[in-house]
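Consider the two complexes below, in which chain A is the common component and chain B and chain C are the respective partners.
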Partner chain A sequence: MTDTTASALVARRQEVSQRLTRWAIPTVFAVLVAVAAATTSDFLTFDNLRGVLINTAVTGIAAVGMTTITLSGNLFSLGAGQSAMLASILFMWVASTGGSLVLGVLLALAVLVAIGLLQSLAVAAGLNPVVTTIAAGALIYGAVAGITGGAVVSAPTSAVGELAAFDLLGIPLPVWVFAAFTGAVWLFVERTASGRRLLLVGSNRETAVMSGISVRAATAWAFAITSIGLAIAGVFSASQLGQVTANNLSELTVDAVAAVLVGGTAVSGGEGSAVRSAVGALVIVVLQNVLLLHGLPTGVRILTEGILLVAVISVLHMARRKAMR
Partner chain B sequence: MNESTMGRSVGRATRVYGVQGGVLLALVVILFAIVPEFTIGAAVFGTLDGVALIGITAAGLAVTMIAGELDMSVGSMAALAGVISIRAGELGLVPAILIGTAAGLVLGLAQGLLIARLQISSLVVTVGTWIGFSGLALVLADDRPIGLDRLTTTDPLLVEWLSMTPATLIGISVIVLLGLFLGFTRWGREIYAVGGARREARAAGVPVNASLTTAFGISGACAALAGSIACMQGASADPRGFTTLLLSAVSACLIGGISLYGGRGNAVNVTLGVLTLCLIIAGATAAGAPTYVTGLVTGALLMLVVTMEFVLDRTVAVRRLNAARSRHTAALLAGGSGPAGPTRATVAPSPAGPGKAQ
Partner chain C sequence: MSAHTSLRLQVEGVSKRYGAVQALSEVGLEVRPGEVMALLGENGAGKSTVVKVLSGLVRPDSGTVHMDGRPVDLSTSGASQAAGIAVVQQEYSTVGALSVAENLLLGQRGARLWWNRGFLTRNADHLLERVGLGHLDSRTPVEELSVAEMQLLEIARVLARSATLMILDEPTAALSQAEAGRVLSTVRSLAEQGTSIMYITHRLEEVFAVSDRVTIFRNGRSSAPEETATLDTAQIVRRMLGRELGDMFPEPGPVDDKAPVRLAITGLTAPGVEAPVDLSVQRGQIIGLTGQLGSGGSALLKALAGFLPALSGRVELEGEPVEFASRRGGIAAGVAYCSPDRKRDGIFDGLSIEKNLSSPWLDRVSRFGILSRRDERTAAARSASSFALDTRRLGSSVGTLSGGNQQKVAVGKWLGCDPRVLLVDEPTRGVDVGARAEIYKQLRSLADDGMAVVVCSSDTNEIFGLCDVIGTFHRGVLTSLAPKEHWTEETLVREVMHSGNAQSETSSEVGSP
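What follows is the complex of A and B.
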């Protein structure tokens, strides 16, 4: 009798916590938008919202991809910025030699997925993901800077800019791809066998191994999807800027990690979603946008982002711990 | 007897520092062989010059790594402290550096307290504070690089003595002091306990929260000290600076052999790692190579050392397991009354936790 009450109580607590982690970020987002709309007259204009979405796209795509690494229990890829930079350079290089844009995109995807799979092998063998991805990032940066000599790579005669500027119903292509990629990753994790296995490896590795799930395959999926996201992010960033150097996208790593964390994905793995990471990226950009419209300097905006991040992760963490007890 | 003890301690030293010492030695030989401009003078000066910034930061970071955590905010902490020191430059050199360091200590203690009280992953919290401190540095510097009004304030930092600057001396003393703290004080040993086996440490009555808070206070203060000294040496501070400091410091610690899983490593490891990294930088500078070469070599070396450690740990674990097995069989053949129980007990941990076998 008491047992059932106790378990019912635990189940109820878990339900409350799950509801909190699931709805916290959308709620923060809704409140933020409401406050923004009420206090700044320029916020709810089509042009501003369009700008917000364009600014979110690159970071958002990277964050959505990286969510799979976090879900699989491998923390983050700390070489994300360098990988995306490599994709930008490859894409731009193909364009500058007169190759088609499609070829550039395919080359960036192929190289990044190959590098991602190599890292996944090391991580699945037991090397620490933080160290592996830091080292991979340093190697990629060094190699790219060495080959390009730190020079600007651009393709003035080609149509690289059209990729990011291509308009569909008034919304540019990167935003559509951001939405589609988020949906695709969500579907993969929620609705495919490989995705469910990845989630189980993240939430309980021992159980996963005992039920015959390959940690190596799950890790490979996670790194491959992250690499696809980083390749797309790098290509769009190159297309938006029109020129790239080895120092580009250095902020992408921390921005993407921040978006994943604000989205409420648990660093311990197994809990979270690509959609929430996308909303996390949106929350950060909207917050920046509102503060910018209020005329606040960069420092205050970045400081606010940091405070938001620490507050969100602390609250979600406490909610999860309450549910565990 | 005496000889075998000595042999054993030499063997132990080789096992503990072998990989790192070998890498350092190989690096010195390679540098002298392939870089003709790399003279002993250049090596000593270049290496000692780098000890201050990377050495102090790595020493602090090592404390959090030994506690089984990681402070990702050291880069923006150094930038923030640099800005604070330059802002306080009117008060004189030493007060300015002390104020910057004190700010780092307080912020580090605060984030340590948060991590300890909430029992939350330090990786996550310090990504947040990484962004936060960077914002604070920009606010205090009005979004632009700032400089000292009176450049003569920093003169004492520029004197040189036996190719050592005051910054180098401070760096060496910080590493030595932290080594003594970790090895010989109760608080230091408790940090090892917290990193090696947190639950057992808590059960044994180690004040885990206090240890974690101390560790992050130390790493904050060290990063801030390094940032303050570097900015005062150059008489200017860039709030967006020190972006590669985290990579350098983490690489130095890992190349030196400090484990990310906690409980393993000491000041000798920090010294070996910092020397290796600074030698690479000194070699690249002497050869006139662009800065990215340093990154490339650091990345490759990091991967090499971590893989070697990983493989060695595995082989050591397997060898121990095999040795124990053969002893077990021998005991069984000899009559079965032998040390079956205790042998099992010594075997069990090695395959399960190769990282913490030593």
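What follows is the complex of A and C.
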């Protein structure tokens, strides 16, 4: 009896906007693919699609991991590129000294998670996440550039390259890992108590504290998962390139943030998903691919990407505001 | 119609449909010059849609609006303002860092391009006088004002636009009774100066204090206006609900002096609780604490919840001393706490009812950290149904619910962890009459089940109706504590108001130390 017209009305509006936020990106994706298939003969070839997936994997893994920071209400890690670069360097360094690839991967994971947890302590204590992660990125870059002296770190390509080139059913390992990591992060948020708490802290920090949820633990989980993603991204990138410098992966931060935003995860936290960010990353790469196949110059490609980003974010933002009022 | 000329506002046959939802059907409404018209109705009955139509935010499907006999165009909010309609919102739109005088000039139509201090002050003093803030220095930054003063300033800002019809949407929702009195007397004096006022409130006693006539909304329809003086509370409630409410407050259980003590507090002080408090809650009892806003009841509840550190004293739960230095410690000890501001820290606005309800007890429905969605749903449904929440709507987001249902979620989420003590601050703020009765009933049945319930409220009517033992706070001191039989509603109000007067007298005489 108490729920009458107005709340039913709001509920209806919210439903519409939920549908919009949920289906906007898959729709954009489908349209892009359809346009690409119709206007270019090369797009739907196995090699091109495989290339698209390989190109998405590194950014996608970073974006999927970073989604947890956004969901927890801590915006983004703006030191993502530098962290992944550090993972690349560590992996390559172990490989160049003759250590096993597994050891390199484990070292990259351990160091990045440790750095991530340190950042999470600062952020949970109330430091602005943007400032904290930019600072961390600068420190990492400075340290790496200082130690390597800007030199190229490389290892015998054949050994290092195996990781990125390892092929299963015609699809290389990074793509499989991208899919698996997306699934794992999604499961973590949806099906574990820690993941749910992360979401609750992002939705309303004050209410979470009042409900006895530890902001510090939730933030630590978010930064740890993001760091795992960045370590994997860094390792694959190093493996693909065969050599690394401190200036590698400098665009990863912006690309990963763009993928999270295009995917439609709320910047304010508490709403979104890893799967959406994965699709967001795919949309960006497919768009770039289509423009490339049409032979458009780099400037136009970046401009178009920017326009897509602005359009998607505006539409989602307006849909959310409509839902609230 | 000839009646047009003698009416400030006449709304006829206004309908508005959103999809399948008929928000307003053939609504009629009138306000005379210099009249206070109270608008009543449960949440969702159509009041806010009418306000939106009048303020130019919603375009009706049909119907006409006349101001002083002339048809007016209300297609935009600018047009509505130009027609002389002004809405005082629940949310304050003042800028904290600016002075009172500067805030009064913000958004004023036809304001000068540049101002000097003299003009600012003249402009401000006149307006402040009219809303009963004449004592205020117009150079004071707004962030230093009390909540009641901010509300009055909000009214002054609207006056600055020389409105002839002022719509006040629950202006006293965040105020204590004494502070609300200031707003009410300002409303009366504005009406006497000729402004027509449309007054929306959930507090029925305000209707009798301030309004000339009453219009009641139910299911998108409006009643014909009635003289307030010819009505009583029961009649109003019946018209709002379309049924008898029965008694607003549930019958307390039988008095049992030998019932075991659940919660015993001895010599407790905390930030905001200046003098040591001794208090014990027996099984099945509801303790009520009242006083003006910030007088200490809220602080005591916070300290008990583990949210503010207790400075000294002992707290015993069923005879065992407990010490909780954090909110999590409080929860582990079985203390549930609902803050007075559910939007801020009581609910997760954007998440579903289910996720809100399960938030404090996720561990109970997970194994090795893995959530069991089925267990979560079952437990959430149990909590929801015991609070009269529709279990089929567990998936809808809490932000879409009415204030009453949001409050049920904010309180109901604690049931899942079987708390031994339930602390509720302002249990029915911004909650409509129907949901209020349900919340009271629920609190009573939780007490009957053996939970120790402590309620803090600035609404003395609520405290008097609901509680078994009543205490009053004044300036951080528990000034009285007695079983309900020792109080009448009048003595309780007097106790709260009187200490309020004493406070302002002493502070003006002594000045700041």
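Quick note on the criterion: the second predicted complex is superposed on the first by the 320 of 325 C-alpha atoms of A that agree within 3 Å, B and C clash if a C-alpha of one lies under 4 Å from a C-alpha of the other, contacts with A are read in each partner's own complex, and residues count from 1 in each chain.
Assume contacts are C-beta pairs under 8 Å (C-beta built on N, C-alpha and C of every residue); 3 or more make two chains touch, one makes a residue touch a chain.
Predicted model only: the values in this text are computed from it and were never measured.
Visitor: Thinking of the overlay built on chain A, is A:307 touched by chain B (first), by chain C (second), by both, or by neither?
Guide: First partner only.
Visitor: In the overlay, answer first, second, both or neither for which of chain B and chain C A:196 touches.
Guide: second
Visitor: Quick check on the superposed pair: does A:150 touch chain B, chain C, both, or neither? Answer first, second, both or neither.
Guide: first
Visitor: Touching A:271 in the superposition: chain B (first), chain C (second), both, neither?
Guide: A:271: touches chain C, not chain B.
Visitor: Could you tell me if A:250 is touching chain B, chain C, both of them or neither one (first, second, both, neither)?
Guide: So A:250 only meets chain B here.
Visitor: Of the two partner chains, chain B (first) and chain C (second), which one does A:127 touch, if any: first, second, both, or neither?
Guide: The answer is first: A:127 touches chain B but not chain C.
Visitor: By the touch definition at the top of the document, which applies to A:38: first (chain B), second (chain C), both, or neither?
Guide: neither
Visitor: Based on the superposed arrangement, let me know which partner A:209 touches: chain B (first), chain C (second), both, or neither?
Guide: The second partner, chain C, only.
Visitor: Please name the chain, chain B or chain C, that touches the greater number of residues in chain A.
Guide: Larger number of chain A residues touched: B.
Visitor: For a test of understanding, state which residues of chain C touch chain A in their complex under the given definition.
Guide: 18-19, 21-23, 42-46, 48-49, 219-220, 307, 327-328, 330-332, 337, 339, 344-351, 355, 358-360, 362-363, 366, 369-371, 373, 390, 396-397, 399-402, 404-405, 413, 432, 434-435, 438
Visitor: For chain B, which residues are in contact with chain A within the complex?
Guide: 70, 114, 118-121, 123-125, 127-143, 239, 243, 247, 250-251, 254, 260-261, 290, 292-300, 302-303, 306-307, 310
Visitor: Looking at the complex, which residues from chain A come into contact with chain B?
Guide: Touching chain B from chain A are residues 75-76, 122, 125-128, 130-132, 134-139, 141-143, 145-146, 149-150, 246, 250, 254, 257-258, 261, 267-268, 297-307, 309-310, 313-314, 317-318, 321.
Visitor: So in the complex, the part of chain A that touches chain C is made up of which residues?
Guide: Touching chain C from chain A are residues 1-12, 14, 191-194, 196-197, 199-200, 203-204, 206-214, 266, 270-271, 323-324.
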